[in-house]
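Across the two complexes that follow, subunit A remains constant while its partner is subunit B and subsequently subunit C.
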Partner chain A sequence: MPERFRRVLLTMGTRASFIRLLVVAVAIVVVFGILNPTVFLSGQNLQYVELASPEVAILSLAMALTMLTAGIDLSVVSIANLSGVVAALIMTNGHQPPGLAMLAAVGVALVCGAVNGLLVGYKHVPPILATLATGQLFSGLALVASSGTVIKGLPDSFTRIALLTVAGVPLIFWVMLIAAVIVGIVVAKTPLGFRMRLVGANPTAADFSGIRRARVLLATYVMSGALGGVAGLIISARAGGANSDYGSSYVLLAVVIAVLAGVDPEGGYLTVAGVVIAAIAMQLLGAGLLSLSVSSHVVNICQGLLLVTMVLLNTWGTALSTVFPRRRVTA
Partner chain B sequence: MANQELLLVGLMVLLILGVSLKFPDFFGLQTLFNVLTASMVGMLFAVGVMLVLVSGGIDVSFLAVGILSAYATVKYGPQDDSAVVVFAISTAIGLGLGLLNAAVVIVARTSVLIATLATSSIYLGAMFAFIGGEVISTLPQPLQTLGTTHLITVKGEVRGTTSLNVLILVVLVVCVLVWAFLHFTIAGRSVFAVGGDAEAASRAAISVPRTRVLVFAIAGAVAGLAGIISVTLSGRADPTTFMGRELDTLAAVVLGGVAIAGGKGTVRGAVLGVLLISLVTASLVPLGIPTIWQRAAVGALLIGGILLQTAISRRQRIRPILDAPAPEVTNA
Partner chain C sequence: MSAPIVEAVGVSKRFGGVQALTDVSVAFGPGEVHCIVGENGCGKSTLLKVISGAYRPTSGQVVVDGTAYDHLTPRQALSAGIEVIYQDFSLMPNLTAAENIALPGSVAGGRRLYSRTAARTLAERAVVRLGVEIELDIPVGELTVAERQLTAIARALAHEAKFIAMDEPTTALTWKEVDALFAAVGRLKEAGVALAFISHKMQEIFSIAERVTVLRNGAVVTSGRPDEFTHASLAETMTGRGSQSFDRVAPRNKGRAPALKVTGLGRAPLFADVDLEIGQGEIVGLAGLLGSGRTEIAEAICGVKPAQTGTIEVLGRPTPINALADAVAAGIGYVPEDRLTQGLFLDQPIGDNIVATHLPARRGFLNSRAIERRKARVVSDLRIKLGKLTDPVRSLSGGNAQRVLLGKWLVGEPKVLILNGPTVGVDVGSKFDILGVLNAQSLQGLGVLIISDDVPELISMCHRVLVVRSGRIVRELSGDQLREDTVVAAVTA
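And now, the complex of A and B:
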């Protein structure tokens, strides 16, 4: 059993960065719990965090997946918005049922992801460039499709999705957990995941070991796109509308969360549990600061400071531990 | 001129020719002034971003630096001093923020992208939380005067006049200065060396941290200047002006052939990239394409540009110097 437990831990990441993330998350809960227990520890606040984190967490998962292969997906929010707009148009102008609209939205997201994958994998365009360009294209298309307005009047059967709860937890939170588990299984348990890690860790070695890098990258960006599509549906269900430039700051937030989680931007390492925890921790931090009725802009400052602190710790953590030696843990 | 830049010029000529065939009036000073005015601020930001890119990093904090410097200057700066003082203050604030960026990058030994992501949200947050978020619509008197001081004013073909603000000279001077810095100073050449290969540069006795600090200081100062110019031109200080537009400038710079991985790029390319995007925007309406298509058009253009860039750079394989001369027959 301990061996098994250790292996489960390993798939979640037993890196020092993961432990630091846990410490930070717990610290946020404790600090705000003490500072303002009546608001921060209330059920309402918990509900808010449960409702607000899924979209951010899923976008961060998409970002983290591409980082695993030493890439980045700057177009993921544009994909989310484009699929949200497509779904909204199908439901309002096309009068089709939400199920069909959602399928179409995910289909659009898959196509967008495939475009990224083709550029990165088969055309050897650096990921940051490829997704920067496609991001402009996708959000431009979303802008045209929505004629620059917020598409309103979504059917109740669609917006209700954001309000449904299953076993006391919002449905969209379950969706996030399911997406995380799927990503986790793909990355940790499947041959594709193994290849993705190898491509990220050492592309040359991957080439020489007969991995078809282009295919692996295509699959990665298609997955990332699909996650973006799901996030887009959650966003428009929650907002009750779709818009071409919703949450443009989410791109940067997704990178922040992935880095906080300890995902290595140089590739080769991904911790799904870390991403989910980091996304929730960021929401908790935001909710906590707001519960102290500070300006919402202080939240920005704190998120930035948190990122700097984590990066500093990741860089100097090992140096610190030689200054303050710890008991050696036998592996 | 590099292939990419020739391509940009070619595209611009094609675009101008195409629109002019339909509307002969398009080919004139009015369009030139409109495009230049629309590109002024973008050019400065692009030059700063280009510098950091060449040194090997992606700066996403330039807009936050620009607007924070300008906004703080307008709010707390002297109200009746000469415009030069106001501009100097904003530039100095930008320089300070750039140094802060450099400190984070160097001390945390992290990528520029991640460091500037963090500082950018800190700068913007600090501006809204501690300086304020309201639009200042009455600028200090000297800035108001400057905003309406035009270098040339021409009468429109049909009605009205089009003017070119005198600040275009400032933009030009900065571009030339940065170009001269990159090409004629040892520090400038080291920027390319560091961006190409930091390890190789440091073994060639180039101080990598010192070069980084210099690059961020210049980029910050240029961003601070761009911010105050933007405020002067628009006649109001709106802290939300640039929000979420980082990728637009990056796109222009990349279009100009600046390598995202560092070590390669020119002021000319960055400026051409910005000009091309402004020209595309200016041509959409005469071509009968709704302006709403601008973003998608730029995206498509960008994809074409980078596909070409990648194709070119993959054809020119880098060969180690010590290798034998390239064989006559190259295999595909």
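And now, the complex of A and C:
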């Protein structure tokens, strides 16, 4: 069924950059597999990647969603931290069960997302400014709520979430896959996702097509916020605590991963599979370098180099595809 | 004719498997207006791009001032005084008109510092030469399409060009502005500038051209003085088909609620007290100068910029309209003025553009089978020529892109369709097809409101023409009154 296969690829995004990304991910595995097979290919190392990828991937999905609408969500990590802090407070000070705490955390994340959506959609504040400002606001709220400390003493029933495995794969990795599938379905299979893409591609034409742009943007930022909330819960389950400024470098990492995946920051294109693979590839690269006992600062340098290389390749890719138009694969 | 300033000799151009130009030879003499005409996709724009050095011809040469180039570079072309004004004007929207006019010259001149007053003087001089008024100190992005067009022309004038090619320069201009442009063209002719004009409008071709060259499928079909052609023979040469005209059938309105009834519509200070009625199956024209309020009235009816006062009824049912989405739900469609920025998602697939407004969904999910059916139906009904439905709309010619836009609305089976400049930038063949589609739809009961500068088009299409002046409907012309001279007189009075 080649036609069916092609359709599946189309929903995943068959851009040249996507294929290149796969090549890079495989290359990372092969290179480090050869350089240090005993450590890099060990079950322990792979499990580290499986445990470290979900939070980054989910934050990147949130970022990619807003980028689909030609926006950006710089507040997503602050939302994650605020949700984590709220959940932690409910569990420790409030002595409530984790289930309730998690619901409350996602609720807070939804509200935060709605604030972003109202500013961007209804008040026409440029997304980069709106989310930069609300990011500060949410961080500040988390800081006040947590009194500037790490909230510890989370119940085992909550932190165990980070350790559970289903079919040999960590539960939180499944959560990431489920989040990716949901985002993929929303983007590719629902009117909302279709409109998000059009709003990103040309907001004026969206207005002249009878698309209620403000509503679409509100929904986008609410979704982004919700993903941030889920990421926040994973982060605090893994860390065994919650803090107002955990993983502040994740904001840029999420942007980097989305761009690596081939998501167009100018809107109109998203590949969910690409985002997940890019997030895992970043973690593989980090784990691989650590397996060679390289300092963590060098890891940052290498991740930066990878981004620059991929961006260059993407630029060359477009140049090449105009020379050899037949080889171009478009989504 | 004296020695040509620019000449294309035996130019051919291939793009992959597409032969865009075949052995085209055209000469542009000093002080001569040379109209290049033909349907979209006939190779006019490619020819311009070869002459301006943007494309390298597969074979053939461009001769500039007696020097033959196998491959003219854009820089060589510019320094030789070759200026091309494309349909998108290539202006920088965030700079002021004065800066847009003056900057390219000072950049090319290698000047490091920018002097606001010098730029301003240069720009003013160009605008005065063009004989028009442009707000020089506000960003170009805030100017109307017509003003942007004039800015682009003024920029070419400011560069002391020897050869100016204009790709459909008058599409967005009103009669008054066209007259001003033609007067400026006259002065350029006296100064010995060679001019190439790409146009679809017959009237213009005959009023301004010294020479007409017709391209079809990338080859020169014929070339001659305009008095060797008639309107009909020229149209026939362009399309390769016989000329056609519409049979206007009077709508049967008796006993049927009007498709659209607007009462007392107003939005200060743009328009006020607008009453209009469009019967089912009726085609009504809305004529007026740019700035008369005609676009604003249309945008109010369809909710893009809602009115403050007044009522709107669709098929006799009062419908409050506060957003375009309300209008869509009520069965009103709107084909906007600026196809490229307002109408279409240029980089998105053709198919997705078709279903952008009327998107079949079932229980919250896209109904992909219905979506594909709709796409296929629009493509076959409107005879859209395309490669694949997944190609971006950008790959289509103007006429086909406009059909996509039209199809996007017709697929929702609206009761009323409002079109703003439906055939601007559309070739003769497609124009006829588009008007034909509207005619056919109106016979099935669709009420149509057309806003257009093209008076012959309004007269051939419309049952009635309403004239807008200063935000009010001042006249209604129908039957025997519906003639070119009466409409022009009413609009410009």
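Definition applied: the second predicted complex is superposed on the first by the 317 of 331 C-alpha atoms of A that agree within 3 Å, B and C clash if a C-alpha of one lies under 4 Å from a C-alpha of the other, contacts with A are read in each partner's own complex, and residues count from 1 in each chain.
As a working rule, a contact is a pair of C-beta atoms (placed from the backbone, for glycine too) under 8 Å apart; a residue touches a chain by one contact, two chains touch by 3 or more.
Everything numeric in this text was worked out from a predicted model, so none of it was measured.
In the superposed pair of complexes, A:210 makes contact with subunit C only, with no contact to subunit B. When the shared chain is aligned, no partner comes close enough to touch A:19: not subunit B, not subunit C.
When the two complexes are overlaid on their common chain A, residue A:189 makes contact with subunit C while staying clear of subunit B. In the superposed pair of complexes, A:124 makes contact with subunit B only, with no contact to subunit C.
In the superposed model, A:202 lies in contact with subunit C only, and not with subunit B. Legend: residue contacts after superposition of the two complexes on their common chain; A:34 is shown touching neither subunit B nor subunit C.
When the two complexes are overlaid on their common chain A, residue A:143 makes contact with subunit B while staying clear of subunit C.
When the two structures are aligned on the shared chain, A:299 is found in touch with subunit B, with no touch to subunit C. The touching residues of subunit A, when paired with subunit B in their complex, are 74, 119, 123-126, 128-130, 132-141, 143-144, 147-148, 245, 248-249, 251-252, 255-256, 259, 265, 294-295, 297-305, 307-308, 311-312, 314-315. Of all the residues in subunit C, the ones that touch subunit A in their complex are 16, 304, 323-325, 327-328, 334, 336, 341-348, 352, 356-357, 359, 361, 364-366, 390, 392, 408.
Against subunit C, the residues of subunit A that register as touching in their complex are 10, 189-191, 194-195, 197-198, 201-202, 204-212, 268, 325-326, 330. In the complex of the two chains, the subunit B residues touching subunit A come out as 58, 60, 104, 107-111, 113-115, 117-122, 124-129, 133, 243-244, 247-248, 250-251, 254, 260-261, 290, 292-300, 302-303, 305-307, 310, 314.
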